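Note that the chains take the letters A, B, C and D in the order they are written out, and that residue 1 is the start of every chain.
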Amino acid sequence: MKNLKLTSLSSDDRKRTVVTVDNVKIGEDFVVIAGPCSVESEEQTIKTARKVKEAGANMLRGGAFKPRTSPYAFQGLGLQGLKILEKAKRETGLPVVTEVTDPRDVSWVCEYADVLQIGARNMQNFSLLKEVGKVDRPVLLKRGINSTLEEWLNCAEYVLAEGNQNVILCERGIRTFETYTRNTLDLGIVPSVKEVSHLPIIVDPSHGTGKLSVIEPMSLAAMAAGADGIIIEVHCNPCEALCDKDQAMPPDVFAALMKKLAALRSCMHEMDQDKKNIIVHRMKNI
Amino acid sequence: MKNLKLTSLSSDDRKRTVVTVDNVKIGEDFVVIAGPCSVESEEQTIKTARKVKEAGANMLRGGAFKPRTSPYAFQGLGLQGLKILEKAKRETGLPVVTEVTDPRDVSWVCEYADVLQIGARNMQNFSLLKEVGKVDRPVLLKRGINSTLEEWLNCAEYVLAEGNQNVILCERGIRTFETYTRNTLDLGIVPSVKEVSHLPIIVDPSHGTGKLSVIEPMSLAAMAAGADGIIIEVHCNPCEALCDKDQAMPPDVFAALMKKLAALRSCMHEMDQDKKNIIVHRMKNI
Amino acid sequence: MKNLKLTSLSSDDRKRTVVTVDNVKIGEDFVVIAGPCSVESEEQTIKTARKVKEAGANMLRGGAFKPRTSPYAFQGLGLQGLKILEKAKRETGLPVVTEVTDPRDVSWVCEYADVLQIGARNMQNFSLLKEVGKVDRPVLLKRGINSTLEEWLNCAEYVLAEGNQNVILCERGIRTFETYTRNTLDLGIVPSVKEVSHLPIIVDPSHGTGKLSVIEPMSLAAMAAGADGIIIEVHCNPCEALCDKDQAMPPDVFAALMKKLAALRSCMHEMDQDKKNIIVHRMKNI
Amino acid sequence: MKNLKLTSLSSDDRKRTVVTVDNVKIGEDFVVIAGPCSVESEEQTIKTARKVKEAGANMLRGGAFKPRTSPYAFQGLGLQGLKILEKAKRETGLPVVTEVTDPRDVSWVCEYADVLQIGARNMQNFSLLKEVGKVDRPVLLKRGINSTLEEWLNCAEYVLAEGNQNVILCERGIRTFETYTRNTLDLGIVPSVKEVSHLPIIVDPSHGTGKLSVIEPMSLAAMAAGADGIIIEVHCNPCEALCDKDQAMPPDVFAALMKKLAALRSCMHEMDQDKKNIIVHRMKNI
């Protein structure tokens, strides 16, 4: 892991980055980002935004630009989608995370987005990375579908090298030979990132598994593995979702998950507390 | 997932297999199997066995036959190793899990082993599967390093088809392009297995990550994902381990992990309890 | 392979695309594109261009924009590099293939390039694909490092859907677990492409293997598998190459390879002739 | 590639192993092994054997023990199959290659087989490797579906270390994310093997691609890449094949392939001759 001048965890102070978005602190609190895969309509987006807010989500996700395998698949609503997200933020107070796919769009998407997402397919789109490195919006950098930790951190380095220090890493599943789930969520990357980098890391169990029934256990597992948050696809009416229908979580399932996460969070918190007490105790006895 | 006549979860009764080994019930309790990668000496094995027993492990692992990439690497102590395991069991009461690699060894290894392990490299060694299918010892079937869920369950089917119903599946990491960890632990396979099969599934975070620092968070994550247990490599003196040194956990780190697992277990238990209460409550109101 | 309206081989006329660049016909002749990985200086580029021209290459390759894993690695000479390529073309008459990585660069890079290359990392950079789909330069579309045939052809479809029909596919090796070679060249993709698409396909054995000793046999194998050409990295002074040193072929080795390719080409040509004669013969006898 | 004491190419004499089976010399001539995937009946086997003999094949393949993913799939005829192969040899004179899957079968299968095949799933079945290392039959060692060159050569080392020096390596395709072909044939492994080991290497384009239309070009490509032979599945009546129907080649297609291989062989031979002449010429001038 050489040449990661800005991304590496300093062995001196071991200081970790906390990315602040409005009142949300990624890298400090466990953060839940939720919302539809893509912004389909004002009604769908605002209805979903209210539901996830109600259940306790901290931020709203929603795609206005959708990179799709086929040129004939739904490509997103573009500017109209961004305006809907802006309205959803006004109504719920939730900061907005949305994807940007073209370096020419970065500056004006910043008018609508609180966090700029770089998708897995664009992880090594260096022109785009340099562009988001120049603006004052945090960047959610998804891991490429077959990238190593080293390649991923080098992409973060591209952003940091341009001056933008606010990068949030996001594990979203890698391509393996397993076909039962859509991708294979690599939770081992979470403690691995923590070991070598100061950047916060969240997990996307929706894309990471592509299977509704697997999302809840993997969300809990992500927290247990030490992730700084999760990003979940919630849709007010999953069977009508225009994309990624099989992984869209209905609002009531999401609300139940949030309760479990809260229970697990306090359990994990106590563990950490115990650990700190032991350290304090040991230090007193020296 | 066709033709898995015996391995599939019945959609009628959804009954799950519980494998009983002495007083340990795999599929009911969360089970921790711990011990050295390979049996190196009586002293090393018994010392380690005592330590893991003390920390609360339920079973002892240890290899007497070691399948190694190179013919010139340490191949295990064979019969002598089995005798040491037998002694370790007498001293600690822990049932013994050990690997068998040759169909000709199955019958006599049963004299010493409480559970027969089939390693990842032998997952599709059908002669061996048929042989362990004929004996009355539970089988711990590791997932092949690049096997799909369907291929794995078909291997379990080979064992069940011979009459042995006591198969415990074990996820031990798959080969991916990530090199920071030795393998990539696929925790998503845990809820996937639960969805299609009645067999219990445990997780091996030691081989699955190959990195001491990642084992603890992945053990907690395995529990959070719904695994029925974990199998961990513990060595009384890791730096002297004859194989897989980098993933050998010292006894005190293991003891600390066991405490965290206990805390997490009661948290998970409450969540399940809440879920059951809600169901009971709903049923009363019908 | 649904929805590949423009990229599919028509089952009616089975007509294949021939891409014409100056006097080179890709899809008709076997084409050899050669030159340095990156344009490093006027001297290096022109010297190499002359050597490959002398040995019989049909086109010149050379990177002015280099997408590199690390932001601190040599990123290419940019415009200056393009001007050097232009000069090399003037001196040798070889048409120029060069990579474009940013949608904002497409229009002006066209002033210098005869063929626009889309690199493996940008295969699914849809903004870039749409942009090169709007200009009148042929596009050399490399396969992504872990892309399926279907994903790749969908990317070609993005270009064709914008109006540019001149796409040349390029297999450049996929990432596998083999580490002896840098990538694994998938020659089976050549007849596979021929079976489903009318687009020409060439092979890059330099990136595909990353190992000088393996490039010659794989170049011959590519021809035997039915490829429409190869693209080879040649450097007038390999040990001084600024990138991908291990795969840079010295001019004399390249010249020897060209002779073998010529011999193999006439052998392959006779085979095809025999096949046609048999068909003609059969038709006469009906 | 350390510790490959017996398998490595000696840097002193660079002597290569030639495995002799009756009058066939693998490692010297280009060898074609052909026949059905599995022995299904006397009629099918002998009919196919005669056809491949007629077309110029050097050896007969046919499986009597079939390792299958599902326990309920056709498992081969066993001893009866071996007797049929023996009869086919008597009728055609072709030496027989057949798979062995269980260490307990090795000694008696030797009564019927001229070459013992170790399948991809058993590449790391070390008990089996040690057993075939003790008999006086050449071993055809297939590469595991996701094995590296180093792992593979270590398996050959297991055989050689037991005393059997006659190992033929066989590339049979690796598992990748491409689904158009069943596996991805890694022809780059051919020159890679030649670089580090003295053992001969052949290629299996039938399993390696799983697609009839791709087998011919990949057979030619295998020869062009420098392979010592190929092993092809031919069935006298492909649509009735009990296994691997999609890759079974009809006898007339096989005969046409053999003609092309002959043409290519003489072309390749001339290339080698030219190379030798140049060397001789250079040596004379020193």
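Methods note: a contact is a pair of C-beta atoms (placed from the backbone, for glycine too) under 8 Å apart; a residue touches a chain by one contact, two chains touch by 3 or more.
The structure displayed is predicted, hence computed values, not measured ones.
Visitor: How many hops, at fewest, get you from chain A to chain C via touching chains?
Guide: Shortest path length, in steps: 1.
Visitor: Can you check whether chain A and chain B touch via the same residue numbers (shared by over half) or via different ones?
Guide: Homomeric contact, same residues on both sides for the most part.
Visitor: Measuring between Cα centroids, what's the chain most distant from chain C?
Guide: Looking at centroid distances, B is the chain farthest away.
Visitor: If you average the Cα atoms of chain B and of chain C to get two centres, how far apart are those centres in Å?
Guide: Centre-to-centre distance between chain B and chain C: 49 Å.
Visitor: Quick one: report the Å distance separating chain C from chain D, using the average Cα coordinate of each chain.
Guide: Roughly 32 Å separates the two chain centres.
Visitor: Please output the residue numbers of chain C that touch at least 2 other chains, ranges allowed.
Guide: Where chain C meets two or more other chains at a single residue, that happens at 146, 150, 175, 177.
Visitor: Flag every residue of chain C that touches chain A in the complex, lowest number first.
Guide: Interface residues on the chain C side: 3, 5, 67-72, 101-104, 121-122, 124-127, 145-146, 150-151, 154, 157-158, 161, 175.
Visitor: Please give the residue numbers of chain B that touch chain A in the complex, ascending.
Guide: Within the complex, chain B touches chain A at residues 146-150, 174, 176-181, 184-192, 195-196, 208-209, 211, 213-214, 217-218, 220-226, 259-260, 263-264, 267, 270-271, 274.
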